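Next up: some structures, all given as structure tokens.
You will see subunit A twice below: alongside subunit B first, and alongside subunit C after that.
Here is the complex of A and B:
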């Protein structure tokens, strides 16, 4: 009798083993290491002291937290743009397109995901650099006198990021809107609502879990992205991940890099928390659902 | 096509003055080569409970969506209170609709669901409060204002969906099979409740259904829709007792049904021979003319077929001109007050007859010999539909 219970317990342990290993080895352990690392200060070669020195250094150097704020605000901008562009697209796919077009459209949206970030960013470079396609076209048509450089501006970075992350906005939106009964929209009109009222009072509240979950994923991906801001924004992009990379690789200051990494995590978590509070949603009702 | 001018009044002078809540004039709708609704005309006087009854796919939902404004008719005109609404978008028509799955807004509570339409009309806050309270009182759910939709029972949701429309004081309320999702017991209760609500609000209800008992129980008038057209419009009694077409006779209520050939005919009376070789007498029904030796459809309702034990009936002489058949009880179909016997008659035909089964010794039993009699007047012969348009 007890052997049956043992077997059940063993199977439970075996079932949870991969999950536990993943959480412990790849999430918990590195982060604990990072915390320990970030709390260490190098006072002399091979001599370390524990303290908050790395965090104090961050607070005292405006360039650091300016970069963090800039990364945060630009990420928010990217998220908002992705939502504004992604919502109509998702609405069209989920509600207006016919059954067959829907699948085709969804596939078209997914295709860019098959290509790596690097190649996609390189595509933008080919288009936008001084000797690129757009610049050449402008000169050929006579709209521009000389070569035009489109790369290395904030607008380019934002555009590139929107392009990279918009898919992660559209997918959760399509899946929530898809679950919405068309009769609900028709009822909205039938009871006297204008198009705007129906959108504001019925469609958006219904799609809120999808909107919030899309925004969270998009914001996290943007704030933590590295390739796109560096390639499209160049050395001046001042993205916070670039600072972290610099600390780790260029300056070989792992302690400071670890502290920066934690600050980024804390900052994005704070923004997501504020967003959830403002929209009245919970993590369970948004990300966990889609 | 059928038009029911005599519903409101027979006096044409008064009829011109009276404005019907809803009129459809030659409304058609085609999707490509498919003609979903064909030339439907009808008018509904104020305060009527009007049902459109038809099998699924007959075009009744399309017709309703055209009235609500979600589809545009390919031809014809729709008038509400005498004014054409073809150019009016759905959110400006004073026609409200209860959807099949109700479509209550799950992100709003009951109060907000009902207040939604009023807010769209920019009614003042105090006025909204008063109207919502009032309508909740009228549907006998005064305490649910602050409940969420998912906390309501099926019947409560139903009533909220109606209240949400009625608070806007519509000219016409459309109901698209709203009872379909309820279980049987609740559906029976809601039928009566809907009828009472309609009396209370005194608004024109248009009720779409494929369930004939819903239509017959609740309606003042029923339109039978088949293949995109109205076959007949009339009171439930008229449809049941005087069907105009074979389709109506077969669709409304239960019938014993035969295909037969006309043998001879004198006036209204016809003598026919059924496919299995039974010779019966019947009455000409329907608008289509009956050809000599033409094919007919024969309908006899089970409640008019009288089943008697042969031993007891032996001495009694059946009335002149009645149909008389002898057979054996094949099986009893017990269903409380609606119980029937299935009688195997001559040449293996099966006939259903209503009987009273009390559970006593007098009940018929399987295998017993019985005599079936039914009056000629209740044996309706319709000319068999040979080509489209024959019944129109």
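Here is the complex of A and C:
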């Protein structure tokens, strides 16, 4: 009896050991180190003091504020676009497509993920640059009189980001919608509901956990992305992760870079919290059901 | 479980590399500074040394060494102006034993310059390896008259020029305004005033710029495709393009091209000093210099280095520099502590400013 319980306890410990190690070694410890680092201020070469100077410097510099707000609002836009495009796709895969095509469709959506972010961004550059494929085609077909530059605008950045993250919207949506009984939709129609009513009152409420968790993931990924905004962005665009990189690498200012990192984490967490409150969901319910 | 095994594997790997024996020379250097052929010849000559290369740039080299307090690499190649303040601040290099380096063949002007820049408490921390300049790259057929940093902002080339938003263009623009930024390093208040003026100038110039380039590859693509007609550039990038299109030449700005010297410095916790000295002496031999320059596009810091360039690079250099241009070179001055922050803020201001 008791040995059986010991074995069960031991296997539980062994099961959780890798997870605990991962959380402690790769997430908790580095973040604690970063907090300490962000509270240090350089007063002279090799001399440091503890204080809130790095956070105060952020508050006093509008450039940093604006960049953070810009990053936040563009990430929200990307999230909304990814939801608007991703929802019909997910609905088609989960509810309309046959069993066999479903697997194939899912695979087609997964394939771009096998290619790295960098290569995908370069793909866009090849297509969109002034001497690129799209511009050449437009000129050849007579739709454009001269070379057209599609790169280096905020619209390009948003498009590139939507393309990069949309997968993380579709996957949770498909798995939520998959669990929905078709009878519920049929019942909605039988009771005289129009397509829109069924969508608004049955499908969306049922899919809410998937929508919310998809939104959280895409928003976090977008706000924390680095390559796509840098490579596709123009001379006026700046992304908050770029500020963090600059602080760490080109300005040797690890202290303020660490503070910026925490500000980004706090900001995105706040946005997610507000989103959860507004949609009436909790983190536990969305994660559990999608 | 698999994660655990991976972790254990990673730990073992770290431990093993931490106690690397004298047989491994871990080189931290620039993208083209360790051609395969040179490594092969070196390993043939010293069969007991294995060369491991990590490619990087100035800022990342310093960040990597700073993270470990100077461990993990046995030889680094930062630029001459990036050593003094970094060493004062983070203590990541060890003094060189000059008796182990064959300096007899080095170009005295460059050797003395680097020594003067990197001596702390009587210890020398670096010797020169490759040098080159930053200046302008121009398509002769489309922008024949462009010859000053300020010409990049000339409205007749609107939307057809580029630059890298880094400190080089700040310094170049300051020179083009008739100032000497290096002279104001002694008084940082004055340097800030100068930076503010430079920022205003570059913000008005933003309309003229197609895009800021980020690395040699995107600059080359924009220039070769004709999307831009002129740009701020490294001379080595311009020399590479010259071999593909002879209309693209390097133009030293009339106020003087800005010259950098990439050096050899030994990290403080480097574990293979002897091998590092062997590498330094090996790559400065004339026959190796030609191979090295073919890869880097830059000149070695030894006497008569120009004659040792491969033929196509020699032609590109001849098309770019007159002896007067060489005399007019402005070598980057040591960056005093604090300047990186001031320049960083200025660059942020320029990036954040809006234009059409």
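Just so we're on the same page, the second predicted complex is superposed on the first by the 270 of 290 C-alpha atoms of A that agree within 3 Å, B and C clash if a C-alpha of one lies under 4 Å from a C-alpha of the other, contacts with A are read in each partner's own complex, and residues count from 1 in each chain.
By our rule, a residue touches a chain if its C-beta (ideal position, glycine included) is under 8 Å from a C-beta of that chain, and two chains touch if they have at least 3 such contacts.
What you see is a predicted model, and the numbers here were worked out from it, not measured in a lab.
Student: In the superposed model built on subunit A, check whether subunit B and subunit C fit or clash.
Tutor: Superposition result for subunit B and subunit C: fit.
Student: Quick one: is A:67 in contact with subunit B, with subunit C, with both, or with neither? Answer first, second, both or neither.
Tutor: In the superposition, A:67 touches subunit C alone.
Student: Answer with first, second, both or neither: which of subunit B and subunit C does A:106 touch in the superposed model?
Tutor: neither
Student: Does subunit B (first) or subunit C (second) touch A:130, or do both, or does neither?
Tutor: It touches subunit C, and subunit B stays clear.
Student: Give one of first, second, both or neither to describe whether A:251 is in contact with subunit B, with subunit C, with both, or with none.
Tutor: The second partner, subunit C, only.
Student: Which partner does A:205 reach: the first (subunit B), the second (subunit C), both, or neither?
Tutor: first
Student: If you stack the two complexes on chain A, which partner ends up touching A:55: first (subunit B), second (subunit C), both, or neither?
Tutor: Neither subunit B nor subunit C is touched by A:55.
Student: By residue count, is subunit A touched more by subunit B or by subunit C?
Tutor: Of subunit B and subunit C, C contacts more residues of subunit A.
Student: Check the residue A:92 against both partner chains and state whether it touches subunit B (first), subunit C (second), both, or neither.
Tutor: neither
Student: Between subunit B and subunit C, what is the tightest CA to CA spacing in Å in the combined model?
Tutor: It comes out at 38 Å between the closest C-alpha atoms.
Student: Share the list of subunit A residues that count as touching for subunit B in one structure and for subunit C in the other.
Tutor: Overlap of subunit B and subunit C footprints on subunit A: empty.
Student: Could you list, by residue number, the parts of subunit B that touch subunit A in their complex?
Tutor: The touching residues are 68, 70, 89-92, 95-97, 99-101, 103, 105-108, 116-117, 120-121, 164-165, 168.
Student: Which of the residues in subunit A come into contact with subunit C in the complex?
Tutor: The contact residues of subunit A facing subunit C are 17-18, 21-22, 25, 45-46, 63, 66-67, 129-131, 149, 151-152, 230-231, 234-236, 238, 243, 246-254.
Student: Spell out the residues on subunit A that touch subunit B in their complex, using ranges where they run on.
Tutor: Residue list for subunit A touching subunit B: 181, 183-184, 186-194, 197, 201-202, 205-206, 208.
Student: Sort out for me which residues of subunit C touch subunit A in the complex.
Tutor: Result: residues 1, 3-4, 7, 59-60, 62-63, 66, 86, 88-91, 166, 206, 209-212, 214, 221, 225-227, 337, 340-341, 344, 348-349, 351-355 of subunit C touch subunit A.
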